[in-house]
Amino acid sequence: MIASLFVEQMLNGLQLGVMLFLIAAGFTLVFGIMNLVNLAHGSFYMIGAYMFATILQKVGAFWVSIVLAALVTGFVGAVLERLALKPFYRRPYLDQVLATLGLILFFNELTRIIWGPQPLNVTLPGALNSSVPIIVGLSYPMIRLVILAVGVLVALALYLIISRTRAGMLVRAGASNRVFIGALGINVNRVFSWAFSVGAALAGLAGALASPILAVEAGMGESVLIFALIVVVIGGIGSFRGAFVAAILVGLIDTFGRLMFPPLLGDISVYLLMAAILAWRPQGLFPAHG
Amino acid sequence: MELFLFKPSGGQASARRLPSWALLVIIGAGLALLPVLTHLIDAPFYITLFSRIMIFALIALSLGFILGFAGLVCFGQAAFAGVGAYVVLIMSDHAANGVPLVEWPFAIGSSSSAFITWPAAMLASGLVALVIGLIALRTRGVYFIMLTLAFAQMIYFFFVNLDAYGGEDGASLAERSSTAGLLDLDDKIVFYYVTFAILALAYIILRKFVDSRFGMVLRGGRQNERRMAALGYSCFRYRLVAFVISGAIAGLAGALMVNHGKFISPSFMHWVRSSDIIAMVVLGGTGNLMGPILGAAAILGLEDVLSGYTEHWHLIYGPLLLLCVLFARRGLYGILTGKGADND
Amino acid sequence: QEIKVGFIASLSGSQATLGRDLLDGFQLGVESVGGKLGGLPTEVLVRDDQGKPDAGAQAAQKLVERDRVSIVTGINLSNVLLAAVPRVLDADGIYLSINAGPSELAGKGCNSHFFSVAHQNDTVPETMGIHLNDLGIKNLYVMAPNFAAGKDMIAGLKRTFKGNIVAEIYTQFGQLDYSAELAKLRSVETDALFVFYPGGMGVNFFKQLDQAGLKGKIPVYTVFSTDQDTLPGIGDAALGLESTAYWSENLDNPLNKQFVQDFEKTYKRIPSPRAAMGYDGARLIDAALKQNGGQFKSADEFAKALHSVDFKSIRGNFKFDSNNFPIQDYYLLKVEKDDQGRLVNKVIKTIATDYADSYVGQCKLSKAKS
Amino acid sequence: MLRVEGLESGYGNSRVLFGISLLVDAGEVVTMLGRNGMGKTTTIHTLLGIVPPRAGQVTFQGQAIAGMPPYRICRLGIGLVPEGRHVTTNLSVEENLVATARGPGPWNLAEAYRLFPRLKERRRSMGGQLSGGEQQMLAISRALLTNPSLLILDEATEGLAPLIREEIWQCIRELKQKGQSILIVDKNIDTLAQIADRHYIIEKGRVIWSGTSGQLQSDPELSRRHLSV
Amino acid sequence: MTELLRVCELSKRFGGLLASNRLSLQVKEGETHALIGPNGAGKTTLMNQLSGELSPTEGRILFREHDITHLPVYRRTALGIARSYQLTTIFPGFSALENVMLAVQAHQGHSFHFWSNARREPGLRRPAQELLARVGLAPRAEVLASNLAHGEQRQLEIAMALASEPTLLLLDEPLAGMGAEDGQQIIGLLETLKRQHTILLIEHDMNAIFSLADRVSVLVYGTVIATGSVDEIRGNADVQKAYLGTKDEGKGVQHA
């Protein structure tokens, strides 16, 4: 009994963790590396969820809808970057915060107008809506296993791209040296645009994956945004490895905290974790900038 | 580095539009005379609205002080205000039920008098700021922001779990604070002028602070902390004092807030609220004390006007915010006075 | 003279389906009396509280101070109601609740200008407690969101349920992911589960319960969570769930049949109890105004009329108790499919008749009268 | 190879360049000399498009490049060692070199490490952890690895120990022999006079003198007046 | 001459790298002591440990026989150690005068004054003006520091360092990026300071070193390989091999 509870909670925590990583990865791309605090990153999560709900209704095929939702969100990200965010790369953080706060309000309202103020509910096709036996006495929801798998695969792919490829280096070089990387023959604008879209697509992917277990509603991005921020900061701004470790840590602490701690402690466990880690290592677990 | 490398120079040359003292006079006189105006056009509701605006202006002012002059972007200003509000609520509640606030280790009686509860609110918020500051001020930049956010969220959840006072649902204040018969805070106009007086006083005091030796140390630390240390300053102490002052003022604003709405809930302390406060400061213009007041008025005023036209007012308001930041680089204060607000 | 009604409800967020149904029902009610409440030109000012007490309180304040409405109604959430009602009463307005019925306003805090036409929160789970006793359930696992109504629901249940409460779990209001709670539930021995999860919370809870393979394993009983404002969202995962309520789309009386038919025709969906109470609320205002000769003279006069008017509710038996909360009948409902394959709440049996709430004794209005 | 005519630019309201013209032929080593703040760096930044030109023409290998974004100009075959180094602080030394490397050409990682063995020792360190001089070596190698047809060095020997500085001059002599075109800004005028073919003296955004090394050395008055040497 | 600063067996480790390697050094009261060495030898790292911005892995730093190894920066300043940086660091948003006033205020130690306007205080203005005059910046007092020319910013930085009336001045490449004219001006300034302060100076400009320094220490791979008078060092074969180059370097850098 206790073993199965532990296993189930472990899986829940990991699933929340990879989910957070998908969101935090994009955020860290844009914030940690391109130096843009894009609070509207949460909106991509929301857009991904709405796109998935809409496409699934039309198409009916789960994987096609997931991929399309992520792609469409990436595209929305590309358009947004070009139209609204370009000028903000070199602005102080607070300007970025304010501008992207405005974008959050805009996107929330827009989804309310397009899809109505009530949450959408996504019903999964067939087998995905069932559960699979894992150990004796525990059958675990299929969809959560899918999220876990996709999240881990994406994390791995991302890690390889960022650490091993030239594109990854350029992205990491990013804002810290924008002008002179450009003067060495690199089209930094394009690198940034791509990185931004990929970040948006990852958030969209997270939103699409989450929509069957959560609800699709305007404003759904804000609550995950704050967790994504925490993940990025705990991990060390700009560090992917850090973001991954932190995401898993936050996922586990939150899941176990709600179960084992008294209510107040359960509610604040993640914040306590961040405060403790920052008190111990003021630059997060894996400071990226030397 | 590059940020400075290509900073267009000569921006100073833009024409001065309005001297800042004139702006101050306009704001002050406008607020002082507002009740007369609302009486003339029979729109008493605006007294309520502007009382609210001034309360938020006070919170924004308390943040503008540390943000603009010490570079401390605190993501928990609303939580400080909330603590102040709860202190007033809890003390008044105890007073109404005749239960002392604390019985151990020594008895502390309770009160609903503004002369006791409001300073108590400042004290409590200041103490909370002290504790948070002791830890958070050891970090910089984004890490500081996130730590203040973390502590603010802890306070938020503390009150969410405080079932005795409504938990997440919040609680109503039965009676406004008493003032030993001096003032009737139930009278909207009296309350308005009390709020106005407090805002004006806070402005004057902070104005003095930022130009004093203490203020110069804060500003220096904002521009170049490394250099400050090499000069022999420990910025930490000065920042801590500023942080506590700021927290106490926010606490006072909280005391006003709970008296204004006769209701307080943890959602007043949620991080989204604090981000609203930051928005007010940034929109108004950082690095001066009039900016936060202008920002609070602009945001709450715009909300009131726009929401009157359409329920989808965020669709306009959001992009408007973005455009304001894009084109009004120095905030509303900058637009009105033509001065660089951020130039220390 | 014209009559201005302020209508506040959660029109966005996780409780938005409730707000939508309340509003649709209310407006259908206004339509049903010719678009004029009490024969007066009627203006309904609609505001969204987003499910937040402070937003609701501010909306209420603006409605009474700026728009000068005489009657405010609509609020679906008890916590929002508790924050908003003082604003209305302070400004000498009337508040008529068509959904939320927090205990605070039924007992010590009752007020001659506050009415609830729908229910007092505790009563519904109290009748569920009676049903669970009848079933012989000994051990019960209890879950609800941590807010005013959630606390009332569990208090009500515990008032009548005689068995043992295995665990009493409060979750955050608006929580969407219940995986941790479900894991815990799976690890505990219990005869049955009682939950109160209105709106979006219910949709997620029941879906996840089903996905986790727990639904068939533990009998589940609920209140306010499997109505037409959540059923389409939950889908087949709701089949077979039992709840208690004072109204159902299948309640068999001519007025109700008419209402359900009209509602389905206008809005292309089955009405929920929220829609029904919105409808009743509008018609109650109409009846009270008519009793006063088609005028709103003063809040006091109108309140008197509200309390005393002989009003035909679509739920059948209905009258106001001395604390201005209803005395009414309660039924056991079960989610089944109708002949068109839609999920509906079938009325299984009557559990209590002329049932009053447990707070009326603490209300000073009652003492004045008795 | 590079021809600049009547180039004007500035920052914000202030004009810095008032019509600079200069020429670098294939295989030539050319310098810009001048006191602090006279506009040498600005000239380089303007011809590379980092600072937008306000007037004038720039042609590189026969192609007009004024107004193009910097990355396109540099891809045509210009390698810049910027004043102030500007190495990427959060990439390792090796990544700094690889990220922007471009071929084909004689320069590769091994060549760069042969030139600066110190960099090889520190190859795994982050750019930001290097000492000032190490960063300078990195900036030079980085530019060489783009295998440019024109190399531009802006104060490339600043902060270098005398020994290393001498090695850099030696390296430039070798490059020159291999036919590399180079534009140099530096304060070591005597050394430059030995290495370079021709010189431009810039004062207040104008070219006030140009000539060969021989002409420069034969006119000490010139140096004293315009370069305060 | 008595000993002012003593560094004993100082080590600083960055991961696998020993940036200071059992480094020992003495600076005598009143002397101008130059520190030279190849790039990456650990000169700046040593400076940072002396000023307190880095803390050593091992070893001790004694200032007037007090152990200051673990004191924070601001406490060392109070004891009389002031520094300038390899890259200019000033307060860009203040005028030159205000920059120095802040330094004077630090020295006076009364900064918890909340009420009177600091910018108008004669007690701060007058000393600050004097300091500006001393470094030759008096006419530029009201100019925003960020608008000063590079050389002027370095002068300003020295004025600020002087405000604490320091015994020991730590100067890291004060001539970096400076043309002949500005450089000459700074050298002149250092020559006058030399008489009133003990100076520890890092420079790659040999002319400056040879004209200013009383003694020179050569740092290679984190250790001092030689200390001596200018002439001793110039003639030292090890130093030539590790740093100066075999050719007569004096020629190459004559005009720097």
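Just so it is clear, A, B, C, D and E label the chains in written order, and each chain counts residues from 1 on its own.
By our rule, a residue touches a chain if its C-beta (ideal position, glycine included) is under 8 Å from a C-beta of that chain, and two chains touch if they have at least 3 such contacts.
It should be emphasised that the depicted structure is a prediction, and the values quoted were computed from it without experimental measurement.
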Starting at chain A, fewest touch steps before arriving at chain B: 1
Fewest touching-chain hops separating chain A from chain C: 1
From chain E, the most remote chain by mean C-alpha position: C
Distance from chain D to chain C - Cα centre to Cα centre, in angstrom: 77
Distance between chain centroids, defined by C-alpha means - chain A, chain E (Å): 48
Averaged-CA centre spacing for the pair chain C and chain B, given as whole angstrom: 38
Where chain B touches two or more other chains at once, by residue number: 6, 9, 160
Multi-partner residues of chain A (at least 2 other chains): 112, 177, 179-180, 263, 267
Numbers and ranges of chain C residues touching at least 2 other chains: 48, 146, 172
Residues on chain C engaged by chain B in the complex (per definition of touch): 48, 52-54, 57-58, 61-62, 65-66, 78-79, 82-83, 86, 90, 146-148, 172-173
Partner chain A, residues of chain D touching it in the complex: 48, 50, 69-72, 74-75, 79-80, 82, 86-91, 95-96, 98-100, 102, 125-129, 142-143, 146
Contact set on chain D toward chain E in their complex: 35-37, 118, 122, 125, 129-134, 136-137, 155, 158-166, 169, 187-191, 227-229
In the complex with chain C, residue positions of chain A that touch it: 1-2, 4-5, 8-9, 12, 15-16, 112, 117-119, 121, 123, 129-131, 137-144, 213-215, 217-219, 255-256, 258-259, 263, 267
Residues of chain A that touch chain D when the two form their complex: 166, 169-170, 172-173, 176-177, 179-189, 238, 288-290
